[in-house]
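Next come two complexes, and both contain chain A; in the first it sits with chain B, in the second with chain C.
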Partner chain A sequence: MFNLLPSVPQLLFVLFGAMALGCAVAMVAQRNPLYSAISLVGVFVSLACLYLTLQAPFIAAIQVIVYAGAIMVLVVFVIMLLNVEEEVRRPLRLTYLIPVGVLLAAVLVGEAAFMLSLGSSAPTPAQTTSGSDVGLTASIGTGMFTKYLLPFEVTSVLILMALVGAITLARQGRTPLFAAPGNVDEEPAVLTAGGDVAIKPGDTAATGRAYAREQIRSGDAAAPSTSAGEEER
Partner chain B sequence: MIPLTWYLALSAVMFTIGVVGVIIKRNAIQMFMCIELMLNAVNLTFVAFSSYFGDVTGQLFVFIVMTVAAAEAAVGLGIIIAIFRNRESLDVDDASVLRL
Partner chain C sequence: MDWLSNQIGADWARALAQFVGINVGFVVVLMIVAYTVLAERRVLGFIQGRLGPNRVGPGGMFQPFADLLKFIFKEEITPSASTRFVYFLAPIIAITAALMPIIVYPFGPEVWLPFLGTFPLVIARFDIALLYVLGITSVGVYGVALAGWSSNSKYSLMGGLRAASQMISYELSLGLSLVGVVLMSGTLNLYDIVVQQGGGGGVLNWNIWSFWKAGTCPQIIGFITYLISAIAETNRVPFDLPEAETELVAGFHTEYSALKFALFFMAEYVNMFTVSMLATTLFLGGWQGPFVDVFPWIGIVWFLLKVVFFLFLYIWLRGTLPRFRFDQLMNFGWKFLLPVAIINVILTATVLYFRWS
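And then the complex of A and B:
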């Protein structure tokens, strides 16, 4: 197993494992969320390669399509939409969290080391030969629609709930009472019979400015005061 | 052939990095991405066991975990947008109380 010359699968494992770990560390170390997201895409791609070395081509494809494609596009879209700046370095309020985090990490790494030491003595099940059809789409589909049909249906209900929840959360609370600038056509205001400006719901500062321009063009001097009142809002 | 324990160790280290990230990060989106990393570490364990034992169940559950992650991404990012709209900040320390 541990020859002097590593075999090709071992080289691939070391290559993609190191890539995954490096990208994961970079993700945590970055202060800019966008760079973190790109490092996470690196983790996903190297994990997909590891899935390929485990003879799971369907999962590898889904990993790239769903994770690196859909989910990360969503995350990057939100980062761009919110225009997040770099994390500002400021004093921690809860400073004891750092030693707690280091302690928990040490415990988990210790568990992994224990598992590795155990693995040399415990019998390792033989990896299936490359001729097996475990990772292929057909066998996954057969399992999903026969034995595990109920979890699959529950998952589809979960997706529906997530869809409804995301739309409910992300939409503006109500239809706004005042039209936003750009929402309304820029046209001169309507005058009442007495010569005053009739302010309708939906009028904005842009409407007032258009009214002022109209007044100036027609030579009426009463315009600026009403348009200034509109600008206050 | 690669021992199964190598995959398990890699997965454990990646999970650890994710946990550390959730603990030390204060940007909500970055904490969210660290949770995705933890889910992926568990996925690697599932696929490794599935491949080594020749059983397709592990890969089926990876599929379901990915679906849950997608649902989590949709709802989580919706919550993040709602928080940002109210507080103009993504720092979780700014959102430490439930009222506005």
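And then the complex of A and C:
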């Protein structure tokens, strides 16, 4: 039954499966957050290779472009800029969760064993070979713009909402850009003893407006104009 | 080939052939890259009214090998406060991500060789070649970003952050400028895209100005946006802010020396070569040219000629243009290049819709 050489898909599966597992373990076990992030990139790349062996090239490419190329770059950026320290090992809290974890792991292993015991009678993804067009770029595109058009559009609106929300949250502390004429004359300034406006992370828009007014009064910021976005130049 | 298949099975024979092909491809590309460096120094010398390196061998022909020897024998310096593992990993990522895309570019039509039979002149031919290229390119950002961070030097960090943000920003317009061609071709397979640019009409069938063939729309806007974002993507003049020597010493590779610096250096030139190949393949008809039907091997010559044109353009720009300021660079990328690329996509889709119906 066994030849001298394993088949090429078998070898690739073992290679990238081991790589994915190793990187996943490293990601959890590392104490340096940057090493964890790099390990996660390794997981994504080896998962993409596994998708390739399962005849799903489009998913593989998207996995690399979106997860490894875009999302993880942002994560790495944040880790770099915040200069996150190595984690210190702490005594384990939540010890009562250990038996739950063991139980869940046992269920997972049992499930895998059950699937394996079904043997070759159960269809495995690897058997969907060149005959099927599942996972090809054309079939995914057709499905996305015909059958699943509504979910696709709703998802894009959801992402747009997240974008707008992120911008709103990020802009709250920096009110001078918001200092439209209507805003400036509303609430009284919150002044510290020294006469400066106290502004800290987590302050509300009201303090921001007060800060803006103070800046405009002292000449540090330009007076608000009617057209928004003009001060960017 | 048949004999090998009988010995170890068809799968393994193909894998072995691909392995050999990939390695030959890497060696050839690295040789071309070495001579691109020499050409750059000589052409820059010509532009600036001096000679350039011409002492080693006839006309400086052996200069790349002298440079390589020097790189190998230089002292390897590791900054004492660097993050050791990442510091060694970064150049490896950079050169790997630079070399991986070269396997998908078709450099000639189907040819015939004794013992091997008929085969197309491309190392790997698969459905998602274009997405593969974009994916590997996006992973290349880690090389520069991690290099800048792990060196533990302010110049390196600033250079790495600049390079990474620049590459992420221009990746968008780079990808969008290719969408027009993909809409026209209806495939992501680079070999098929080149085949579609052939046939009667010759040069007029190239995607950049193809209008006379059915179902096409000239991609001049796409070509120009691609060219600009490709130059920015490879961090070359006039977009070489990441290594602006007047402010950042040498940017993300300030702390790198000897062979590790050589890897970054090679990665930059390999990247130049691959984006030139992509421009040739998608917009200028790849290996298409006169006499390809009669004598297929001449496709390689046409392909290399077009690629060399782009490499020369790179060098020419470097000898001519001054450097951007960083805010200008970002404004240009996000507020001009990206909208223009999107307009090109909409325009192409509209034209194709009316030409098809």
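We take it that the second predicted complex is superposed on the first by the 150 of 233 C-alpha atoms of A that agree within 3 Å, B and C clash if a C-alpha of one lies under 4 Å from a C-alpha of the other, contacts with A are read in each partner's own complex, and residues count from 1 in each chain.
The rule is simple: contacts are C-beta pairs under 8 Å (C-beta built on N, C-alpha and C of every residue); 3 or more make two chains touch, one makes a residue touch a chain.
Quantities reported herein were computed from a predicted structural model and do not represent experimental measurements.
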item	value
First, second, both or neither for A:Ala61, with chain B first and chain C second	second
Partner chain in contact with A:Ala70 - chain B first, chain C second, else both or neither	both
Which superposed partner A:Ile140 touches (first chain B, second chain C, both, neither)	first
First (chain B), second (chain C), both or neither touched by A:Val41	second
Touched partner set for A:Tyr148, first chain B, second chain C, both or neither	first
Comparing the two partners chain B and chain C, which touches a greater set of residues in chain A	B
Contact residues common to both interfaces of chain A (with chain B and with chain C)	7, 9, 58, 62, 70, 81
Complex contacts: residues of chain A adjacent to chain C	3, 5, 7-9, 34-35, 38, 41, 45, 48, 57-58, 60-62, 64-65, 68-70, 73, 76-77, 80-81, 136-137
List of chain C residues in touch with chain A within their complex	8-9, 11-12, 14-15, 83, 85-86, 89, 126-128, 131-132, 134-139, 141-142, 145-146, 149, 157, 161, 164, 168, 188
In the complex, chain A residues that touch chain B	1, 7, 9-10, 13, 17, 20-21, 24-25, 27-28, 30, 33, 36-37, 40, 43-44, 47, 50-51, 53-56, 58-59, 62-63, 66-67, 70-71, 74-75, 78-79, 81-82, 84, 87, 93, 97-98, 100-102, 104-105, 108-109, 111-113, 115-116, 118-120, 124-128, 132, 134-135, 139-140, 143-144, 148, 151-152, 155, 158-159, 161-163, 165-170
Touching residues on chain B, where the partner in the complex is chain A	1-10, 12-21, 23-27, 29-30, 32-34, 36-37, 40, 43-44, 47-48, 50-57, 59-60, 62-64, 66-75, 77-82, 84, 90-91, 93
